[in-house]
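What follows is a short report on a single structure.
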Amino acid sequence: MSIATATPADRAVIQITNLTVTKGEHTICRASAVTAMRGERLGIVGPNGSGKSTLLRVMAGFEPDFAGDCRITSPRNETVFVHQSPFLFRGTVLSNVEYGLAARSVSRSDRRTLALDWLKRFGIAALADRQVNGLSGGEARRVAVARACVLKPQLLLLDEPLAELDAAGIDCVRQALAALPDSTILIASPTPLPSGFVEKSVELPLD
Amino acid sequence: MSIATATPADRAVIQITNLTVTKGEHTICRASAVTAMRGERLGIVGPNGSGKSTLLRVMAGFEPDFAGDCRITSPRNETVFVHQSPFLFRGTVLSNVEYGLAARSVSRSDRRTLALDWLKRFGIAALADRQVNGLSGGEARRVAVARACVLKPQLLLLDEPLAELDAAGIDCVRQALAALPDSTILIASPTPLPSGFVEKSVELPLD
Amino acid sequence: CGPDPDASSTPQELPAAGGETAADSTSSSVIRLASTTSTRDSGLFEVLLPVFEKSHNCRVYLIAVGTGSALRLGEAGDVDVLVIHAPSAAEAFMKAGHGIRHEAVMHNSFLIVGPAADPADVVGSELTPCLKKIKDQGHKFLSRGDDSGTHMRELALWELAGGKPDGKEYLETGQGMGPTLVMADEMQAYTLVDQGTWLKQKEKLELVPIVTEGPDLLNPYSAIVINPKKSKAINSKLAAAFVDFLISDEAQKLIDGYKVNGQKLFHADRLNAEIVE
Amino acid sequence: MIRDGISEALQLLLQRDSSVIDAAIRSLWVSALAVSLASLIGIELGLLLSRKTFPGRRSMIVLSRVGMSVPTVLIGLLCFGMLSRRGPFGSLELLYTTWAIVIGEFFLALPIVTTLSHGAFQRLDPRVVETARTLGAGPVQRTITCLRETRLALGLAVLTAFSRCFTELGIAMMVGGNMPGRTRTLTTATALETSRGEFARGVAMSLILLLIALLLALAIAMFDRSEREKSS
Amino acid sequence: MIRDGISEALQLLLQRDSSVIDAAIRSLWVSALAVSLASLIGIELGLLLSRKTFPGRRSMIVLSRVGMSVPTVLIGLLCFGMLSRRGPFGSLELLYTTWAIVIGEFFLALPIVTTLSHGAFQRLDPRVVETARTLGAGPVQRTITCLRETRLALGLAVLTAFSRCFTELGIAMMVGGNMPGRTRTLTTATALETSRGEFARGVAMSLILLLIALLLALAIAMFDRSEREKSS
C-alpha cells in the first residue's frame, strides 16, 4: 500500500528531532525522533495526556511555540488535520465535505460528485443533505474524516479517527485510507490500532 | 459484583417497552424491551446512529418527546447521565468533580475529600487544580466520568465512557464501576464492551 | 379653595435622592419654575434665585424647556410659576384660566443679525425694508421654527414685511436660540435673535448686528402664577411670593443691573422711575 | 476646540468644581442603579426566553429587540405622562427627581440587557444545562452555572446598557429637569453648555464622562485578565 | 397622552403626512448607511482583535468598550469642530447635510459593533478557524466561515448599533441642524414637537419610529426562523 522500498531522506514528509512543547512549567509533549516518508502510515500511540494531539497540532502548524526541530515538507494546504473532537460547520453534511474543495476552487459539480463519493465510502451517503447539528457522534466523526480524505492531501493527520466508530465505521476508514496511497497518514490513538491501519508506530511516553 | 439473584420486577430500575423516538419523519431510536434491575450493568450496543445516545437521553429525561412506555424508578437526582462528548464547566478539575456534591449540600471538606478520592481512582489526582480548558481528550473524559461516579447515583447512564481512553483509563473505569455495587449502570458503546463491564447487552438495530 | 399650599408640599415632594442638601429636607417650601431655555441661558436666574431662596428659606427648581413645553407644564400643573416671553401665548393661557396672575417683569429687545459680509446690504436699514430685501434677494434666513416666543415674533415681523419667504433660502432649524445662532454663523445666514442670547454668544461668532432698533423688536418677559386648581401639589402661595419678588424693587434692581461682558441684558419694567442703574 | 476642552476638563477636575463632581456622581449612581435593576430582570428574562418554550415567547423576543429602538424622548414622554401631577402616579411626586430618571433609564436598559443576554444564552451549549441538571443542580445553581458560562457576553450586555444609560439625555432632561444640584447629570450639563454655546466646556464635561467610562472599562479589563490568567 | 399619541400616529400615517414620511425615510437610510459602514469595519476589527495578538491589542479592546460611552453630544461637537467652516474639513461643506449625520453616526456605531462582535468572536470555538485553515480556506473564506458561525451574535451587534443610531438625537441635531425636508429625522422631529409642547405629536413620531423598528425586528425574526427550520 505504501512505498515499500527505502526512500531517500529527501522524500521524508516529516522529520522531527528532539521536539518538546512546554506550557507553563510543564513539558506536555516530547518526541525524540519521528520520521514519515511519502505514502507511509504512522501510528502515534501513547497514554492519555502523553502529547499525541499536541504533536499532531505542531505538525499541522497550530502550535507555533515548540522547541526542537520539525521539518514538514508538505505545503500548508496539502497538510490536513482532523481534531480529536471534530468541528463541523453549520450547514449540511454535504457542504462540510465540499468545504475544502470549494477552497481549492473545484467546480461546483465536481465538488458534489467527489463529496458524495466520499460520503458513500464512509457509509453516510444518506446523510448528505442533513444539517450537521442532529448527527450522532459516530456520524459526525465520519463526516470529519471524509471531509479531510476528499482532499487527498500529501499529509493527513488524524487524531483518534476511530473513537466512537462502530466496526463498520472502522472498516470504512481502513478502506478510505487505502484509497489514498500517495498520502502520508499519521494516526493518533491511546490504544494500539487495529491491523491494516499503520505499518509502524511511534510511542509517546508519559513523563 | 452485581446482584446475581433474580430480583422481582418491582426492583427494576428501568422498564422500557416499545419505545420509539421520532424526529421529523425519521424514527431515530427503537427499543422494544429494556429492563435493568438494581445494581445491574447493562450494555447498550449498536452501530453508529442506531439510537444509543437517544435512548440514554430518554432515560435521563432530556428527550421528552418519545412514544411507548418508559418507567424509571430512580428519582431524578439519583439519575446521572454522562454525555458522549462531555461538557466540563469552566474552572478547575476539582470544582467540576465537586459540582454535584455541592448541589447535594455536602460540606466543603467532605466534598474535597470525596472528589480527590475519585480523581485518584481515575488516575488524575495530579490534575485536581488544573483549569479544564487545557485537558486532553482522555483526561477530560475521566473527569466527566469521575464527576458522575462521585455521586454514587442509583442510575448511572454512561454514553461511550471508554472512547479516547487508554488501557489504564479503561481499567480505572472498570474498577470505579465495581466500587458502585448498588448503582444500576448503563453503558452505550458502538463496539462490544471489554470484559468486566457488563453482564448483558441490549442490541439496538439500525433501521 | 384647596388646602394650605405649604402643607400640601409634604416631605414626599423631596424623596431622599442623592445630592440634596439638608436645607431641602427641612424646608417644606419648594416651587417649580418653568422658563424658556433662552432665559435660563442668560444666567439671570443664577443671580435672582439665591436671593429669593434665602429670604424665603425655600428652593426654586428651575426647569428650562421650550416655550410650548413650558406652557404645557403649566397647563398640567407640573410647575407653579412660569417666566416666558411670548405675550400673545401668555394672554391666551390666562384667558383659558390656566393662570391666576400675570405680571410684566422686564424686557429687552430682539435684533436681526447676519454675516459680516452682509451680502444683502442691509446693515443699519429699517426692520421692514431689511426683511423685504433679504426675502427678495433670496438670502439665507434661519427661522427657529419651534413655536418659541422668538419664533412667534419672527413670524409676526414677516407679516409686517408682507409674508415670509417661501424659497429654499428660508430655513427652519427646529432648535433653541443658541444652536440656531451657531447655524446662522456657519451658514452665513441672517436670523432674529433675542438680546440675551446674542450678548452671551456673540464673541464666539462672526455674525454682526444688522437691525437693532425698532418698536417691533421689543421683547417683553412676564411671569404667570399657575392656577392652584390644576393640582393639589401646587404651591400657589410661594409662587405668588416669587412673582411679588420678581417685581419688587430688590429684584428689579438686580435685573436692571445684570450685565454680561459689561453689557446690560434686561430692562426692568417695574423699577421706580427715579432710580437709575 | 478639543484642546480647549481637554484643558477645561483638567481645570474642572483640578479645581474640584463641585457642580461638575456632583453631576458626575449623580450620572454614575443613577445609571448604575437603573442598569443593576434592569440586569436583574433582563438577564433572568433572557434566560427564560432561551430555555423555556411558552406561548408568546417569540413575540417577547421580537418585543425586546424592538424595545432597543425606543427613543429616549419617548421613554421620557411616557414617564412624564405617568409621573406628571395629572398622571396616574402623580401623587408619588416623583417627577423632577433622580428617581424619575432611574425609572426611565430602567426601561431604556431593560430591552438591551434582555436582547443581548438572550442572544448569549441562545448560543450557550445545551449540554451546560443538561449537565448541571443531571448532576442534581437546582434552579438557582443551574442559573448561576449558565451565568458563569456566558460571563463575557453578559458582561458586555450590561456594559452596553450602562453606556447607553450613562450617556442618555432625553430621559434625564424630560423627567429630571436638569436642575443643578438635584437632577443635573453630566449629559444634561453637557447639553446645557452646548446650547449656551460654551462648546469647550461641553467637551470638557463629556471628557469627564469618558474618563469615568475609561476607569470602568479598565476595571473590567483587569478583572477579565485575572480571570483569564486563572484559566490558562 | 399615549392614546392621543396612537391616534395622532395613525392619522399621520393615514394622511401620508409628507413631512413625517420624509423624516422617517431619512432616519432609516441615514442610520442604515452609517451602521453598514461601521459594521464593515467594526466586524473586521472585532475579528482582528479576537484572533491576532499584536502590541496595543488590549488597549484597543478597552478603547472600543470606552467608545460605547461617548455621548452623542460629544460626537456631535467633535464632528461639528471638524466640519465647521473654520474646521479642517470645512471646505467639504458637509455641515448641516445628511452626510454629516452619517459620519457622526458612523462613529457612534463603530465601537458598539466592534465591542459586541469582538465578544462574539472571543467566544467562538478555536476549532472553527483551525478547521477552516487546515481545510485550505484562504483569509476571505475563513472570515466568512467565522461570520457564519457567529451569525446570531453579529446580527444582534448590528441591531444594537442600528437601534442606537436610529434613535440618536444629539448628532442629528448638532451637525444635521434639524432642517425640515433636508436634515430633519424622526428623532429630531420628536424633540421639536416635545419642545413645542405638542406631546401627543411627539409620541406619534416616536411610535412611527418604533413601527419601523418592529418591521425590521419581524424581518430578522422571520429570517431567523427560516434559518432555524433549515437546521433542525
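We call the chains A, B, C, D and E, going by the order they appear; numbering starts again at 1 in every chain.
Basically, a residue touches a chain if its C-beta (ideal position, glycine included) is under 8 Å from a C-beta of that chain, and two chains touch if they have at least 3 such contacts.
Because the structure is predicted, anything quoted here is derived from the model rather than measured.
Q: Hey, what chains does subunit B share as contacts with subunit D?
A: The common neighbours do not exist; no chain touches both.
Q: Can you list every chain in contact with both subunit A and subunit C?
A: The common neighbours are E.
Q: For the chains other than subunit D, what are the connected groups under the touch definition?
A: one piece
Q: Counting only C-alpha atoms to place each centre, which chain is farthest from subunit B?
A: C
Q: When subunit A meets its copy subunit B, do both sides use mostly the same residue numbers (more than half shared) or mostly different ones?
A: Same, since most residue numbers here occur in both copies.
Q: For the chain pairs C-D and A-E, which is connected through the larger number of C-beta pairs in contact?
A: C-D
Q: Among all chains, whose Cα centre is located farthest from the one for subunit A?
A: It is C whose centre lies farthest from that of subunit A.
Q: Starting from the mean Cα coordinates of subunit D and subunit E, work out the distance between those two points in Å.
A: About 18 Å separates the centre of subunit D from that of subunit E.
Q: Where the CA atoms of subunit B average out and where those of subunit C average out, how many Å apart are those spots?
A: 78
Q: When the centre of a chain is set as the mean of its C-alpha atoms, what distance in Å lies between subunit B and subunit E?
A: That pair's centroid distance is 49 Å.
Q: How far is the middle of subunit A from the middle of subunit B, if each middle is the mean of its Cα atoms, in Å?
A: It comes to 29 Å between the two C-alpha centres.
Q: What positions in subunit B touch 2 or more of the other chains?
A: 85, 134
Q: Do you know which subunit E residues sit against two or more other chains?
A: Correct list: 174, 191, 194, 199.
Q: In subunit C, what residues contact two or more other chains?
A: 176, 179
Q: Chain pairs that touch, all of them, please.
A: Pairs of chains that touch one another: A-B, A-E, B-D, C-D, C-E, D-E.
Q: Would you tell me which residues of subunit C are touching subunit E in their complex?
A: Residues 65-73, 145-148, 171-176, 179, 183, 186-187 of subunit C touch subunit E in their complex.
Q: Would you mind writing out the residues of subunit E in touch with subunit D in their complex?
A: Counting only subunit E, the residues touching subunit D are 1-2, 5, 58, 61-62, 65-66, 68-74, 76-78, 80-81, 112, 115-116, 119-120, 122-123, 152-153, 156, 159-160, 162-164, 166-167, 169-170, 174, 186-187, 190-191, 194, 199, 202-203, 206-207, 209-210, 212-214, 217-218, 220-221, 225.
Q: Note which residues of subunit E are touching subunit C in the complex, please.
A: 84-85, 95-96, 173-174, 177-180, 182, 184, 188-189, 191-192, 194-199
Q: State the interface residues of subunit C toward subunit D in the complex, per the touch definition above.
A: Result: residues 12-13, 15, 17-21, 32, 37, 41, 61-64, 76-78, 176, 178-179, 181-182, 200-201, 204, 230-231, 233-234 of subunit C touch subunit D.
Q: In the complex, go through subunit D and note every residue touching subunit C.
A: It is residues 22, 25-26, 29, 84-86, 90, 92-99, 177-179, 181-183, 192, 194-197, 199 of subunit D that touch subunit C.
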